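Alright, structures below, take your time with them.
Two complexes, one shared chain (chain A), two partners (chain B, chain C).
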Partner chain A sequence: MIEIIKCMPGCTVQDAGRFGYRRLGVGSAGAMDGLALATGNILLGNDAHAAALEIIFFPLEIRFQEDCAFSFTGAGQAVLDGQALPGWWKGTARRGQLLRLESLGSGGIGYLCLAGGVAVETVLKSASTDLKGVFGGVQGRMLKLGDVLAVHPRTVTVDAGDFGAVPYENGQGALRVLPGFEFAALPEAMQAQVFSSDWQISRQSNRIGFLLEGPRMKFDVPVELLSYGVLPGLIQLPPSGQPVVMLADAQTCGGYPRLGTLIDSDLRRLAQSAPGSSIQLRICTLEEAAEAEASERQYLARLSRMREVVCP
Partner chain B sequence: MNTPQFHRMGTRAILVESQQPQADLRTQQVYWAFDQRAADLPGLVESVPGMNNLLLIFEAMEYRENALADLHHYWGASIEQSSARDARQITVGVLYGGALGKDLPILAERARLSVDEFVMRHAAVEYTVFCLGAHPGFAYLSGLHESLHAPRQNAPRPQVSAGSVAIGGSQTGVIAANMPSGWNLIGATDTTFFDHRNEPPALLAPGDRVRFEVRGIEA
Partner chain C sequence: MNFSEIREICRCFARSQLSEIEYRDSYSSLRLLQNPAARPVATSPVSVTPVMALPTGSAAMLIKSPQVGHFLIGHPSKTTACVEAGCLVRKGDIVAFLQVGPLLFPVRSDVDGIIDSVLVEPQALVEYATPLFSLSESESLNENHRS
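What follows is the complex of A and B.
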């Protein structure tokens, strides 16, 4: 068990997401940086999709009420009883120890995984918190001071000390977009602007979507659409002219015109970018998107093999 | 019937959609048949019926690319064999107006109807559930009388109560969760539309017929 000693808003229990219920209006929720979650779980010998704490605003402080191995991946810095730990690290806490997760000042999302995985009720096949539906995670809400969370009994008993992962090397530069839908209906000058502009991530961004502030985009003739199924990564253009990139808590159906889709690898990078910072977009091909996905799979597979070597 | 467009969405999904100004039941019935036919495609994770469209999500890009040819074929077959669904009839008791339906007087005035007449028109129609979406348990209903159409609020209200009966543009429905909404609120019901502990969790399913029953009108 762990107890939350200090907590900012936005901290939730998330796993890889909830699938199969979009047709009932239930979105996926789940970790916004699935690769960081999977890495943290693999370091512990957990199922890669096991539930963990997602931290959007730091600091978070927890007290261990039992001996427990943990890992911390993504953005931020872990400090155990005053001792700073390396990034993307698997550590071991003794009962009574205090773990503080703090910001490194550059924004981003952190994942605290616990050996065995955070034990919460599985709702519709997932532990992820659905804030809109108010279910999953801890009573469908953000964590708060005084919450006590249990962990699943460990399936792996061998503990080979503490070690870390080399963080996945994200691509640099512009975030990759598969253009489509109404993109071709934008005036040509604006089509070019989508990929030549600096887009500032609005401070109103959240788990539902990231708003991009920059040149206002408008269709010559307003586009009216019937409501259609929406997925994270889809870039919508509401009448405000300010594009929105859908994220994990996006509604399952929407009606705004669409410019294309951010590829999954770069949707993670966007989610890890601090509100107020700037990003660029560029066109990519399906082949390029497939390569990016394969590269992530290889990273996780390599990590699993290495862990088996360290903890046979 | 228009040939739909097949859009790739991201790396793993296809959105098949018919572009038209209003969703119609005949087209929707074809999509229901299409959805059932596509359910056995290899690597399909889930499908999401929308308003005269269907989103299909696959495990990986290869499955999606392989499915494209079959989907075109399935579409043709669905036009031939679409049929109405076994419709259930569900009655939703509504207290119109009052604190939870505070936009009712304004909407009635704008429609140049008395509040009573506005309510009677809303409750006179049997609506058809086209699909569920947006938030858990929310049903897109078709059939709202044209005289009751009303543009959404300029800015969404930060918190609307679950069970609010509302009109947004040409659509009406019951907001199924406590959440922000820009729809106009005309009443409230105590019917629960989504409970994750139920099987199935959602009260309504595509094809169901919904009728609103007037439990009272508060000015």
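What follows is the complex of A and C.
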């Protein structure tokens, strides 16, 4: 069991997401950086999709009410009783120890995994918090001071090894987009602008979507659409002319014109970018998107194999 | 394990800084011993400073590699090194990392002291017990110990 001692808004319990219910109007929720979540879980010998704490605003402080192995991946830094741990590391906490997760000043999302996985009631086969639907996680809400969370029975011994993961090399540069849908209806000059402009991530961004501020995009002729299904990564263009990239908590259907889809691997990079920072977009092919995904899967598979060797 | 493999292991062992290795699988077991003092000191292929150039005698303190891996002077997500010459380190401090595929292992100092020099190049593949850092005793630490 762990107790939340200090908590900023936005901290939730998330696993890999709730899939298979979109047609019923239930979104996926789930970790915005699934790779960081999976890495943290694999370090502990958990199921890669096990539920963990997603931290968007730091600091978070927790007290361990029992001995527990934990890992901290993604952005930020873990400090156990005043002792800083390296990034993407596995640690062992004793009962009564205080773990502080703090920002390294560059924004981003952190994942605190616990050996066994955070034990919350699963709803529709997932532990993820659906903030809009108010279910999953801890009563469908953000964590707050005084919350006590249990962990599932451990599958690994508390002291198994002192090691971490080499953070996945995300690559640099523009985020990759598969253009499509109503993109071709944009005037050509604006089509070019989508991929030549600096887009600033609005501070109004959240788990539902990231708002991109830059040149205003307008269709010559208004585009009227019937409602369609929405998935994370979809880039919508509302009448404001400022594109929105849908994220984990995206609604299940929408009606705004669409410019294309940000590929999953770069949707993680977008989610890890601090509001206020700038990004660029570039066109990519389906093959390139599949390659990026395969490379992530390879990284996780190698990590999992190597961990088995070290902690059989 | 066949004869040529055993011969190859013996060769590697003779070139290494190790005094003993033991290997076991379900079919065989192999134990090799050697007395490092009784043979010429070999230059480790990965060390930039030959081992012979290290200060000898009890005053020299070393941090040795706890295992095989690629030597990283700092964490891959940071641009700074864990320590550099002149840094005061305490027993248990992480002074470097060893990368094995996607895993990262810490090199922790087992003594208190001041880092004199880094003995291997970044990214070099180091063996078990390869000297990584030389240290000198810190006077202030000694005073602390006396008081």
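Following the convention adopted for this analysis, the second predicted complex is superposed on the first by the 309 of 312 C-alpha atoms of A that agree within 3 Å, B and C clash if a C-alpha of one lies under 4 Å from a C-alpha of the other, contacts with A are read in each partner's own complex, and residues count from 1 in each chain.
The definition used in the following text is that a contact is a pair of C-beta atoms (placed from the backbone, for glycine too) under 8 Å apart; a residue touches a chain by one contact, two chains touch by 3 or more.
These numbers come from a predicted model, not from an experiment.
Using the contact criterion defined above for the overlaid structures, shared-chain residue A:Ser295 touches neither chain B nor chain C, since it reaches no partner.
Considering which of chain B and chain C touches more of chain A, the answer is B. In the superposition on chain A, A:Gly87 makes contact with chain C only, while chain B stays out of contact range.
Using the contact criterion defined above for the overlaid structures, shared-chain residue A:Leu303 touches chain C, although it does not reach chain B. Once chain A of one complex is fitted onto chain A of the other, the partner contacts of A:Thr285 are absent, as it touches neither chain B nor chain C. Residue contacts after overlaying the shared chain place A:Gln139 against neither chain B nor chain C. Residue contacts after overlaying the shared chain place A:Ser196 against neither chain B nor chain C. Across the interface of their complex, chain C is touched by residues 86-89, 162-167, 299, 302-303, 306-307, 310 of chain A. Of all residues in chain A, those touching chain B in their complex are 19-26, 123-124, 130, 132-135, 178, 180-181, 224-231, 233-234, 251-254, 261, 263-264, 286, 289-290, 293.
Chain contact summary for the complex, chain C toward chain A: residues 75-78, 94, 97, 99-106.
Interface of chain B with chain A (complex): residues 7-11, 13, 15, 17, 19-23, 45-55, 57, 61, 131-138, 140, 176-179, 194, 196, 200-202.
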